[in-house]
Amino acid sequence: MQCFCGMSHDLGRRGFLGALMAAAVGAQAPAPQSAGPADPALIEDLVAANRILYDQGVVDGFGHVSTRHDKDPNRYLMSRSMAPALVTAEDILEYDLESTPIDQGGRAVYLERFIHGEIYKLRPDVRAIVHSHSPYVIPYANVKTQLRPMNHIAGFLGGGVPVFEIRDTAGPASDMLIRNPALGHALAVTLGPRPVALMRGHGSVAAAQSVRHVVFRAVYTEVNARMESEALRLGDPTFLNDEEAAAAMKTNDALVDRPWDLWKRRAMGK
Amino acid sequence: MQCFCGMSHDLGRRGFLGALMAAAVGAQAPAPQSAGPADPALIEDLVAANRILYDQGVVDGFGHVSTRHDKDPNRYLMSRSMAPALVTAEDILEYDLESTPIDQGGRAVYLERFIHGEIYKLRPDVRAIVHSHSPYVIPYANVKTQLRPMNHIAGFLGGGVPVFEIRDTAGPASDMLIRNPALGHALAVTLGPRPVALMRGHGSVAAAQSVRHVVFRAVYTEVNARMESEALRLGDPTFLNDEEAAAAMKTNDALVDRPWDLWKRRAMGK
Amino acid sequence: MQCFCGMSHDLGRRGFLGALMAAAVGAQAPAPQSAGPADPALIEDLVAANRILYDQGVVDGFGHVSTRHDKDPNRYLMSRSMAPALVTAEDILEYDLESTPIDQGGRAVYLERFIHGEIYKLRPDVRAIVHSHSPYVIPYANVKTQLRPMNHIAGFLGGGVPVFEIRDTAGPASDMLIRNPALGHALAVTLGPRPVALMRGHGSVAAAQSVRHVVFRAVYTEVNARMESEALRLGDPTFLNDEEAAAAMKTNDALVDRPWDLWKRRAMGK
Amino acid sequence: MQCFCGMSHDLGRRGFLGALMAAAVGAQAPAPQSAGPADPALIEDLVAANRILYDQGVVDGFGHVSTRHDKDPNRYLMSRSMAPALVTAEDILEYDLESTPIDQGGRAVYLERFIHGEIYKLRPDVRAIVHSHSPYVIPYANVKTQLRPMNHIAGFLGGGVPVFEIRDTAGPASDMLIRNPALGHALAVTLGPRPVALMRGHGSVAAAQSVRHVVFRAVYTEVNARMESEALRLGDPTFLNDEEAAAAMKTNDALVDRPWDLWKRRAMGK
């Protein structure tokens, strides 16, 4: 398996083998144990992220955001299946990296939770993930034109944005959903070490070191897509080069609290 | 007459013959009988649908949504003539499939109610219909470019979206409105077994198995149109193929409550 | 002078000669007499029109709407110089057709009030006028592409939309404003018998038989412009032909209260 | 050094030499003295400007607006580092023209404050500056197509809009930010005597004689960009010529309070 974080670890490997086994034999794993209560501040950020992503036009009734559990890197937190704009702390479930809910309690779970579990397996550096169908991004998932950074805010797009073609894994007649570990793994491999990948005929996924960072990236991927589409109709844009993009990303990664404070205030209605 | 539902029934036939006779001789049919009070939950959904379609930008001051009566498939329910955003339960009227109001009580009715009655006649599988002028869809009604599914959410567009040309029935100088049963029937024939048809120089119509499904389709037809227009300006998009579209539609048909809960909360202000 | 109303009258002629004399000699006309209090319902519509045009994105801080006085066709009513969204009944002034305020009382008046006075002179059929810089319409004022009706709602655009070139009257170095009767007259002549004219490098003007009709036209000129721009990028649109447009306009002229009720409710916050 | 104001003065010169020295030797200048409390009305305008620029879509979580101090042309006022929409009077800091805060009190300052100090040095006529990433403007910063006045409201764009290429000063691998006096100076030189300059891969800057004027220009640069992009897709637009633009700017400079009153009411929630 691939690991993109450049660190020595066994986290992704165990998770991935488990997923392979589960997928191969359809075995029901024994009920996983909870990592215990997560930091309330992390839950608060995750709830706010759900609301912000809706308020900023990244998700609508669909889409989801998760964070790795602060007490255990083999657990992640994500809402039960519902519209992100309506999520409260009570709706947050804990999952293991096979994307099995720890204490489902009769609640519906997202069909595509494997997006999250499989990326967390391959990317120990990633602590938060957004999956969305944001409307100005989807066109780039379906054409050959590359999504590229129009300004420094989108520096995280600098290294290129891969496109996941589900037909390569699921064949030509799927319902397009990442509905099992194998598809989640294939998407995670396409994402590789990048912060953003597009999904043909579907949407996109963003990954980052924290909830706030991943919200920043999801919002500005959408903003950048709209600006790039406008620019391409005017002429031949000069994008940030890879060095500029990398330097800008480093600078902006230290500034994510500034828009977060605004977005949270708006989205939480206070 | 055509029937697109693949089921044995006589509902459409009676209705259509009645319409033909009414159109041919201008006869005033005897006042139809009410099917009795509809399920309050159905009325609640219909009122919410009116509000949601406005809130989501599908209708403005014009457009309408109807549902088949739960007690009698030969009756449908729709607001009196007014802006959808202002509709309350008190504004809902009952119509027979000739689109004659059962108890008009001096209230104005939509000039284009025949869209609803005539589709209900030909499509026993259809229990809810939206007619709108949603702004990103109309361009596709006037050009040869096909509306096609950009992502799985719009899988219902997979089989193709027919375009109704009113000149074929009403001649070259109509006011574009579906103002009689014959025009309604012609539109219903163009729609055929599809969920969506465009109307040249006018708007579109969506049909589905429930109020919630038809709202889903009307909203995402508009969303898809905007995304497709963006994509076509960037390059040559890969759309969902027919198999992907059909599979995605099946999946999404089970998920319409998720955006509905959000849309209803927004539109009803609670 | 031209008259486009097809009726015998001397209203426009007196007004225009007066304007010519005032423009030629810079004479200060004697203070005109008031026609007395206008119908409160007319004032209410005019105030609502100001708010609606802002709420619907037709005007921003600039733009204005007027109505002919119900007691005297030689008087019109319009706000003092201010943002339309903030207008109340107390801000409405009465003007004669030379666009001289009857009782200015120290209040600032719109520099371009001559748009209104001069159109009222030439168009006895017109009882309300909107001038705006609505953003999707302005591009059509600056290019050769014609604004044409995309659907029946914009049937009023059917006969063609003339473009006023201020350079023909004011020369190549004006500030673009209709700041005197001669420019207002030239614009009115360009408008001719039409409901809408574009103003190159500036905006547009709409005229109609009532406040509600002119608001309808101003709103849907903007809506149509955006839809047409989208359609032109997709292909070669089939527009309404002139007969369809005329028939649709006649139908819609009877339906303007439907969107008005909605728009007023939104704009007046109740 | 350049001075673009056509007046005799030594303000810019001192400031620029000071900046050069500070940049060259990294010296810490002695703590500058405050010019004393600014006019409360000026502070009120500056706070409102922050809110308005957000409400009008010119800034999001990023961007800033400053004004020269009314008591001392060598001082300017600007918020601490935070989202403009959340700024209150308590967040306003005083800076000298080296962009050193007078009484920082532990608060974070904008990395790009040098945009403001360096423009104030070179442009004694300028009393207010906006820096933003407004989304329809950025495409013009990255392509060769010129931003030009579509209507009289944007007359201030008439003389041409220069584009700042940071690579010319910072080399090919910067993080794109104006993070020191030398970059601020280079941007100020590119701006020259103009009201607006674009910044490749970044955003834009607007300058004017007052807070209200600069907000007007920042808002209408964005509005004009969107209209121009639409027009360029329709055909070959006739823009205002330089004489029309200059005359229109003069007229509009006297009218900025009209939209300001509206924007302030909206943005301040009263």
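A, B, C and D are the chain letters, set down in written order, and residue numbers restart from 1 in every chain.
Here is the rule we use: a residue touches a chain if its C-beta (ideal position, glycine included) is under 8 Å from a C-beta of that chain, and two chains touch if they have at least 3 such contacts.
Not measured: the values here are computed from a predicted model.
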Inset, instruction - Please give the intersection of the contact partners of subunit B with those of subunit D. - result: A, C
Inset, instruction - Note whether the interface between subunit A and subunit B is symmetric in residue numbering, meaning over half of all numbers used appear on both sides, and answer same or different. - result: different
Inset, instruction - Mind checking the rotation angle between the two copies, subunit C and subunit D? C-alpha superposition, nearest 5 degrees is fine. - result: 90
Inset, instruction - Give, as an integer number of Å, the spacing between the C-alpha centres of subunit C and subunit B. - result: 36
Legend entry - Inter-centroid spacing, subunit C versus subunit A (mean Cα positions, whole Å): 51
Legend entry - subunit C residues counted as touching two or more neighbouring chains: 233
Legend entry - Residue ranges of subunit D in contact with subunit C within the complex: 149-153, 155, 223, 226-228, 230-231, 233-241, 243-244, 247-248, 250-251, 255, 258-263, 265
Legend entry - subunit B contact footprint on subunit A (complex, rising order): 54, 60-62, 81-83, 85-86, 111, 133, 135-136, 138-145, 172-177, 200-203, 229, 232-233
